[in-house]
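We just call them A, B, C and D in the order they show up, numbering each chain from 1.
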């Protein structure tokens, strides 16, 4: 029962951090790589991804919002009637975010 | 300690249908806010895959870029953008509730806090855009 | 049918300010005691929640206990027992600090001390307050604090129907459990009545729906006399129509009463001179009985406004400004906006006198003890008496604390000296009560009278005969009407026969109690042939210390109340003319 | 005063007699200044004595008269009939609670939760009363004051879908009241309260729907309270990682 022994503060902390990153950074990236570049309004400058500071930035940009997703998604599903399987849902979602983090780290390291 | 409670046998328990969030506008908007995370995460996965192509050679990279030019993907990104913007605005507003700024002991009005954040967000976005354009030149 | 009997050491009936304070005092005496708290509503719904203005106690250097005592006795038109008043003012500061230690969010001065404000009839600023929701904050602080005592056992939403008296001792109670409709029996060595006042016997009152004088009637039926019931306080500033109170604090913060010509009429009645900022005990800060009478005289002179809900005057707060109103009187602004649809920052508030408080009640001594062994009483339901013929605003919340604590402590001490209650004889008493309830209410067939009709007629009769101005003929008519209503009451019709949360039954039981209470008010008033405090007779316009410097005691008989009298205790303040 | 007639569709439920609630309609003539509660009282007094509901203060402070009025949780003593006229008004018991009878809900669960958050001053060391009050500056008072305005009316619970889905959720009002004591400069009980507030059924269940604060008639803002407890709890959690030896 002790609040300090559950991991919820951790997940919530990561969710919040992810929410901040998503709020400040994600929209402009969607504009750039999802809309402006494909439509040819901006040059395609993928080579910058190899810069080390940029890689670190990308890691944060990609990894943290995954926890934001994991947190909200599992709660949304249980709010939509899947309360009975909340525990496995949580394991699945946070697990997916963890996996995503590892993959993102691996990809960005190997660039 | 309570000695008297209603008789459980006589209670009527209303059930909450799984579609409760369709019954009221504010609940629906809440659900949209929560689901915005799916589109944001989706976009980031696509971004990650795109980055992954860089080390798989020029052909793979070009194919991926071509794919993103298809109307379907543009549409996806459009929708994702709408959700992301919705997320940003609601996030700033909720932050004004969660972590209010105090100026001389008084909480800053929520709309002002939100407006300031939106301003900061515009600034950050502009910086990112400029860096995106400036970095390749400097490399 | 036999009843299961739950045994406790102390039973507190009522969970308002007085009841909760009593329960905590009893609980603190010993963790071994089992304290039952029985209330017809959840504790936080008790009427104490509506109190707005504040609670008086001497907490400042410029003030002293004698001054508080004198103001109280003077305000009471010398009908207060002075030894009780002295004990009251002496323990008041302690009790209010105790409440502070329990978390009550008192308003504060810049230096961190609890703020004080002026109040009607008080000679200095000595009323502590939590904005204008003092009773609300006090009640919630008490209730939340009471939750930490596991040996306080609450019987929420249980309506007490009778005291069980055996061998000249109060031994237990019967109550209807609203959730099941069953009659429960609780036994204890001591019982504390804290059931609040009974303003609902009048048609137009600040009091909540639950204020039906139940505890007074319970004691009365158990043979305990009711004291000074004829003294009913009208508050000068209620909202026409609803009767919602606009707190006296609005005047102590500087509000003005104006008649329809915009004139501050109180100066015409010896309360002047008018000043811009409030002066203690003058003008708008005069005592409530006098202010209410001034209103009526203005009405008779044709100086009041006429609205859909009768005559009214203006309470003007506009000159106080929004900042002060929002800080010190936010609830007044909220209430007026919601229920009158105007903003007191920009418009004056329509107000008129409204029944507010019952000075009288169950006869107790300074320890909260009633003449019936094992029965104690405190709060508005009791009459100690510190309020005499007219209570000063902000004394009653404090009274709930001081005498609640005293009654609770004394009851607990008495109970712990008595050993375990043996409850066998109660079974027979409980059976009788069950029979009475079944035949008169629960299983009653037929009948034709509507509860609401009898209630309304009673209320109007009370206003006619026992209002601000009284005289022998109208009071006589009221007594007569009450007898008729009592008779008709035996023919009431109940439409709801179900067991679960049957509020119609409760209304009927309340009306039954109210008819008794009304009877003692009207009869007491008829026989008090003088004018004193809130009791103003046009046929006997002056105070008569020779014949009436004494408490009225009403005893129940089958033919109606039998009245007796008891002396007033005078210690250091000899009666003098009451002038402000 | 002008009188008009409005229709009230009131939910009735008689336990042990019917399995599900039904609706009963009443046409009520009303003057301009009547609130919904006045109409119910009129029904009870003049039309149908068997209708059950709770009320007392009729001035929005005792918290007993909460009901769903046209689907929104409201204090029935604070909403005017004229604002709904000429449409009919639907009056139902507060959502998300078990119904005892007609418009009366079972709130005993809330009272258990309230007790569980320890809504009283907890101190390491009591100061004797003879030493007077604990000083508290107006600013320190401001810090918790609006969270202390809760009248326990349960409107927030009726608006909160999370509570509707999981009646074990400690919920908005109880958490706000626990937090109110955490914020009180006189209190030292934050760590003790964390056991319940910081539990899964406490703050972490809340997904910040925010409707609780929208419907609260006393502007308590329980949604803010809950999120701020989350922040505090998360901060302390991190601190306890960084400084596991630290006693907090």
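Just so it is clear, a contact is a pair of C-beta atoms (placed from the backbone, for glycine too) under 8 Å apart; a residue touches a chain by one contact, two chains touch by 3 or more.
A quick note: this is a predicted structure, and the numbers were derived from the prediction, not measured.
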item	value
A-D compared against A-B, more contacting pairs	A-B
Most centrally placed chain, judged by C-alpha centres	D
Subunit A and subunit D, separation of their C-alpha mean positions in angstrom	36
Whole-Å gap separating subunit A and subunit B, where each centre is the average of the chain's CA atoms	11
Intercentroid distance (Cα basis), subunit D paired with subunit C, Å	27
Rounded Å distance between subunit B and subunit D, as computed from the means of their C-alpha atoms	30
For subunit A, residues that touch 2 or more chains besides their own	72, 75-76, 79
Sites on subunit D at which at least two other chains make contact	15-16, 100-101, 108, 111, 161, 165, 207, 230
Shared interface positions of subunit B, touching two or more other chains	2, 5-7, 10, 21, 34
Pairwise chain contacts, counting only pairs that touch as defined	A-B, A-D, B-C, B-D, C-D
Residue numbers on subunit D that touch subunit B, as the complex places them	13, 15-16, 19-21, 71, 95-101, 106, 108, 111-112, 139, 142, 161, 164-165, 207-211, 213-214, 221, 223-224, 227-228, 230-231
Complex interface listing, subunit B residues touching subunit A	18, 21, 31, 34-35, 37-38, 40-41, 43-48, 50-52, 54-55, 61, 65, 68-69, 73-74, 76-78, 80-81, 84-85, 87-88, 91-92, 95, 120-121, 124-125, 128-129, 132-133, 135-136, 139
Interface residues, subunit C side, partner subunit B - complex	6, 36, 150-158, 177, 179-180, 500
Interface residues, subunit D side, partner subunit A - complex	161-162, 165-166, 194-200, 202, 204, 207, 230, 233-234, 236-238, 240
Contacting residues of subunit D [partner subunit C, same complex]	1, 14-17, 31, 33, 44-46, 48-50, 52-64, 78, 100-102, 104, 107-108, 111, 114-115, 118-121, 126-127, 129, 132-138, 140-141, 144-145, 148-152, 177, 181, 184, 186-187
